[in-house]
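Shown next, in structure tokens, is the structure this report addresses.
By written order: A, B and C. Residues from 1 in each chain.
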Amino acid sequence: MKKTFIARITAGLAAFAMIAAAGSCGNGGSAQTTTAAAGTPAASADDSLKKVMDAKQLVLGLDASFPPMGFTNEANEIVGFDIDVAQAVCDKMGITLVKQPIVWDNKEEDLNVGKIDCVWNGMSINESRQKAMNLSEPYMNNEMIFVVPGNSTVKTMDDLKGKTVGVQSGSSAEEILVAADLYKDITVTALEDNVTLLNQMELGFSDAVFLDSIVANYFITENSKDYVILPGNLEAEEYAIGFRKNDQALRDEVQKILGELKAEGKLAEISTKWFGRDVTTVK
Amino acid sequence: MTGEQLSTLFGLMLEYAVPTLKIFAFTLLYSIPLGMVVALLKMCRFKPISWLTNIYILIMRGTPLLLQLIVAQYSVPYIVRSDICPDFIKSLLENVDIRSESYTFNMMLFAFVLNYAAYFAEIFRGGLESIPKGQYEASRCLGFGKFQTFFRIILPQVIKRVVPASSNEIITLVKDTSLASAIPYMEIMYIAKKQVPLYASLMPLFMAGVFYFVFATVLTVLFSAVEKKLDYYR
Amino acid sequence: MAILEVRNLSKSFGTLNVLNDISFDVEKGEAVAVIGPSGSGKSTLLRCVNQLEKASGGTIRFCGMDMFVPGPGGKSVYADKQTLRKVQEKTGLVFQNFNLFPHMTVLRNITEAPVCVLKKSKQEAQEIAMELLKKMGLETKAKSYPCELSGGQQQRVSIARALAMNPEILFFDEPTSALDPELTGEILKVIKELAADGMTMVIVTHEMNFARGVADKIIFMEGGYIVEQGDPEQLFGENASERTKQFLQRYSSI
């Protein structure tokens, strides 16, 4: 124990020295790290599934404040729709599910360095994520919508011009919003999580929040808030699970089990628990 | 929020005050002695050592602690895959389980300790340099050896002089422990942030604030008592 | 036999020669006064003898032990650590600005070195210290801290501190210069008493009358050289060198 600690200290020291020397190892070189990661675990044989089975655990990375997909409850347990599904998958595989909270902005990094095995947290599919990760088939549809307070003068998306809109930083909602035509006419404030954004809107920091309809619906019902969802959406989206670029075997295995769960009706059961109906799109 | 919710929340916060205290205590435990060593290294007459120490202090004080915490977390996997890393270090590090809780904690502590040691080093150096040369000379003329001079004559005087600045630093550390939530490491701030969505209320953050305030106030009182105690001479 | 023999001592800081060809002896029980204008190298001389500065050349012999001798290439070769330490323990220095340890009581200032360096028992050291304090008229101040004492009292404590090590020789570096004029008397009185007790002393001072009255030998320095040395009658008398006369005249006219 003592020895390994010292070993780690030495390692860290070397790390700092290296960072000082190389100048930019940090976030600057994310493209570079992706390629580096691709070369690491096993360039030749894909032992990703074997590794998980040997370790008898699947480490699921999530930002645990994304209700109802994956979030923290009163007892500080991580729960949610994604967690229930992941648990069912792990049960079938005969391994343990490990829920590892991460910083959402660093999820690709955490995958690359092997801190986690997958990102499974209501993650929308987009181009940059397709590049950085090995994504599963979409398992759920989602829309990106605007939420305004019940008494707001904003009634349609056109009314948003000149207003302030909150969005989760590092989310696909942010990317969509930035890419939208509307973007040049609004002020965007980006914050760490959706719920804080909604709170801030309530307090008048912003006029609207742009987020996943799933989250918005859940939040409004759970907390019986007087919010209104504006008609229409910017883009329909799909959720998927992210794996390491090279972990094809693991990805395929999880995908296969998801299909089995769908066929057995297990997915519908979990979906009904969280959403009142089967919203999953797994084939 | 209902009373029951409040008490549940309070219980949870109290539970996770322990990891916060753990970061605090271990950081002090290691960074104060290390800071003393660094101060002496910086004052070393062999220039290369003094320069290296200077660079270390510059980096630690010149970059955000938050950044250092993140870099420390990712350091081991980066080193393992880097091309310039010597093989013996690689083989040493490959066995490190970066998923383990102890890794997260140790690397975080490592960053905290290195950061705070740099600040403490500067405080101690200031304290050491403020001791008049005459004290060393008088001690030498009385036949004290170098160690005796340092531990019996110089150090007690340095301690008195560095207490005000150190207490400032230590109280800052109370609040800096909250940066651990960005790793993420489950301490009081992390819990507070994650409980916010649940209750759709800022109460958890407010409670965390009260905790930090109480902790810092206790330390403030403690340090003013220590200062008073050390006030027996000029 | 002389306790202290200084031969051809020189000291330079870079290209600046502060001490040149200094030679003199101090016999047991002798009180030697070193006088001269400011910057003449008096303090540097004391600091070289007390190992606070490294000499550049020459020899100093203390109680038959060579502290350093000229080595090849003109550099001074110092004796081994043990010898130097022994010399250190046997010589005492009283500073111009006392340099008492502010965090220790008067008593502990005096007992610390005997206990830690000479390994005396705490009780023995305290008995010696109390005796010395009584001699200095400070027995009521044992529990005080230096900051609570007047300058004159502090200087008496620092003399007691040096004496507690039971030195063979005691050096004074302008012991009254940092004191108010009305306080110098008490220090000079103490030094006079020590001289009467037969303490071997070297005193750097600007108090000419005191030097004349108490010293067995006077060394007059100027510009890093010893201009003249001899008994007080000689230096203060008609047969003194012109420069000595000039210096003393200037001094008494101020």
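Quick note on the criterion: a residue touches a chain if its C-beta (ideal position, glycine included) is under 8 Å from a C-beta of that chain, and two chains touch if they have at least 3 such contacts.
Note that the structure is a prediction, hence the values are computed from the model and not measured.
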Chain contact topology (line, ring, star, complete or other): line
Chain closest to the middle [Cα centroid of all protein chains]: B
Averaged-CA centre spacing for the pair chain B and chain A, given as whole angstrom: 33
Chain centre separation in whole Å, for chain C relative to chain B (CA means): 47
Inter-centroid spacing, chain C versus chain A (mean Cα positions, whole Å): 79
Interface hub residues of chain A, defined as touching at least two other chains: none
Residue numbers of chain C (touch at least two other chains): none
Interfacial residue positions of chain A with respect to chain B in the complex: 4-5, 7-12, 14-16, 18-20, 25-26, 36-37, 39-40, 59, 64-65, 67, 71-76, 98, 100-103, 106, 109, 112-116, 192-196, 198-199, 219, 223, 225
Complex contact set, residues of chain B against chain C: 132, 134-135, 137-144, 148, 152-153, 156-157, 160, 232-234
Footprint of chain B on chain C - complex, ascending: 50-52, 85, 88-89, 91-93, 95, 97, 99-103, 112-113, 116-118, 145-147, 158, 161-162, 165
List of chain B residues in touch with chain A within their complex: 5, 8-9, 12, 16, 55, 59, 67, 70-72, 74-79, 81-82, 84-85, 89, 92-93, 95-96, 98-99, 103, 106-107, 110-111, 114, 182-184, 186, 190-191, 193-198, 200-202
